[in-house]
């Protein structure tokens, strides 16, 4: 058995999830989406941030699921929550109330200012692909203290121009959010399977600040639909530790066992 | 022991309470105020209207108190309620929601159009008497299906002109409520210790429709600050039955025992 | 005043062609049995309102019940697309489908405003996004104190709301617990309402003083349908059939597999199958 | 993040002269012990916000803590007037008192809007009445869909909210039950908050999934004050001292009897007297 502190074998998705988890603090109150955000938030809770408060839009507050939910309202979330409120209350008192420090979002498409599209590819009325729509995202994007985005880097996802803006990132650059009267930070991190991007402090354009081990700048550019900017000092993202990977894999294994048995 | 169906000895307040109780139907949903309305509503529940739904503005829905509450939020109301909701929900979903069929109001002063004053006597800024204020009354008066008012007839209470309109009755006469966009009936009965008044269908002015046993028209006029109108056919209010009086007195006795012991 | 009747009677009495219909349940307590009954009774031209259309509306849309969909997130949670919804919207099969699209916050506020008998809802939303460009019902008001401009949406006031709840008591009061979503608001906002329940009990017994209860005089009809939320779930009764949600992706992907499944499991079946399905989930989970 | 401290420390840390202060509790759970502590610490020029000022604000106004009162019903419930409030408003004793008067519906909506981080609340109210003539904060907006004009009030956003709750757990989460009034909204609407509780428990144990709970990160300070709602009551702990409410009428009617009572029972006392008083009510009721 490998007892090294740093793992040497892990998938790009595991790298992405672990990196996202590390961005969370023990005192954060997170609005959690299903999928990669949920895995990252629960990994943080099960490792360095045991006091983190996880909130799902189904109304469950301070939930501590044993297994990852398939939907935003699995029974597991309610069973392990401090309390569960109605959905109107969740959106009014808790999200709009300004009580959430970090909102996690994903999307089908993102642009260089971290605006997101989960609505349509093609035109709205005659779409090439009709996507699920915004759900909670439009108001998560503006009412949470800051936003972390998790998405796999690919040219179809990281596009030069969005066909539809479902949720606001940094708009068309510096001052966009402020001009709309939005006082929250917006996207501060985009965590991908190849690298981490952050908005440049001056231009707000997404800029690579750390590259995952073994990944090259050319690979990143090859998966991104705009000319990628790199920060002056680009770090190597620290790889997952064995402990992080063990906890994450055990979480996924528990989840698979639980969800496999309920057809 | 007197076994007659009709009682011969009762107080004017008992007459008033029994008459108010009789106006309620088994299927009513009542917004209940403290004091005389509470006694009347619970008397109805304990006699001819066992299915009546009583709601107090503290949030208690379908409550069945054993003893009359001293305040609008006594523990007795919550202990015997179907459920208890928050005060914002009570005013938004239940009162404004248009789900209340009958609202009970009292007041310090009333005019001939059944507008009520519970705010000030004298001027607002330099009052002769500062009264408690409106509480729930302004919105009860317009959001309940209809309003019953219980007040003792007296020249200081039934006045020609109100110094302050705390809650709307029939405004300045026909069409007043409609002009304000109010679609509910407003006051349909004013039950006093001497008689019952109802708004005239044409003029909306309060008109005596029934006189309690043994009371004269002159006595009524003597206690009312405007020239009293009498309906073409004025009935004699049926006196309380022994059963009604027994239930009401037992309710008051239980209440006195319960409230006397908790200083 | 809630009347207890069969599900078929309830849908017959309260859901008409062309009605606006809100079948709510936020992952938990989705009224699938009632959706199947609406399909069996062949209702047409419905305006279907629901934050998360989910499989229930995928089925109703695919069977031609819907003329319009009002929604805020149209996917199969954690799985992928709603294929029948997409086929209707993108290809007009089995009939063209109009949509009115919102965010969750907008719809939650719109139900809340409906329950509160307000004509519209005000909220901090829709900033810097494109939905207001394609949805003329997204407007604004200006705060009379601060001058701030806030988003508005019309209140949702459906002809009929349909929900699934845990239990009713003999008087017809209805108890919800767990993830309660927008169901209470949907019922209070609607002109008429149908509630399917797992069971009717003598009375609710000891409970929180603040239990989520709909009094009998807020509900039109109650139908007892054990398992009626399957493949969604009922807190304390049976778990969510996550496996069925995954299996639905293949069933619904093609029109013929979809129609075959609907014929076998909905048209030829009745509300009684739900009890069996829910029991199977509980047994599998045990 | 809730910190457990003594009531004196909590008031010292979070209530300043000139603050706007909402001490809520709708008949149930009125934070009397905290009110007494504010009096003992001699806070001045407070804007006191409360739907029903009740005895707690009658005491604070009579002791000169208040510059302004925002309220919707200012009486001693079921008994009569609040004499100290009237003496301040009508005669300026011990100092002049400004008022901002609303209806219950307006204040409940204003707290709700504050908790929801909105600048104002919209509701169907104030129709055909005189209060809007004397309160310039009562305004209106026009529905962008129907053209209907609806009343508005500014959201209540107090500097400090103070409530009394049943219990806190070790993490500092706070549980309310029974008549919950506007307390949750008041805390969520406020910049800072103090919660007095009957007790701190290891954890809340089995409870409704929808229990009314304020998470620890919404509360600034928690102080354990058993009986701290006396002569109001705490659901499951002790009953309302209706007799004291009646007795207060005579105590508060004259300035000297009021001052004598306050000196003896507040200025010379501490939060520990509340446990004894509440026990006496429970014993009397048993």
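For reference, chains read A, B, C and D in written order, and residue numbers begin at 1 within each chain.
By definition in this document, a contact is a pair of C-beta atoms (placed from the backbone, for glycine too) under 8 Å apart; a residue touches a chain by one contact, two chains touch by 3 or more.
These figures come from a predicted structure and were not determined experimentally.
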Neighbour overlap between chain A and chain C returns D
Suppose each chain is reduced to the average of its Cα coordinates; what separation in Å results between chain B and chain C? 41
Chain B and chain D: spacing of chain centres that average the CA atoms, whole Å: 28
In chain C, which residues are in touch with two or more of the other chains? 116-118, 123-124, 148, 178, 180, 185, 209-212, 235
Can you list the residues of chain B that touch 2 or more other chains? 78, 84, 92, 96
Each pair of chains that touches, named by its two labels: A-C, A-D, B-C, B-D, C-D
Would you mind writing out the residues of chain C in touch with chain B in their complex? 1, 115-118, 173, 185, 188, 209-213, 215, 217-218
Report the residues of chain C in contact with chain A in the complex, numbered from low to high. 26-28, 51-52, 71-75, 77-79, 81-82, 85-86, 89-90, 101-105, 108-109, 111-112, 123-131, 134, 148-149, 178-182, 184-185, 212, 233, 235, 239-247, 281, 284-285
Which stretch or stretches of chain B touch chain C in the complex? 27, 29, 53, 61-62, 78-79, 81-85, 92-93, 96-99
Residues of chain D that touch chain C when the two form their complex: 116-120, 122-124, 137, 139-146, 148, 150, 152, 154, 177-178, 180, 207-212, 235
Residues of chain B touching chain D in their complex? 34-35, 57-60, 69-75, 77-78, 84, 86-88, 90-92, 95-96, 115, 119, 124-125, 127, 130-139, 142-143, 164-168, 171, 176-177, 180-182, 259-263
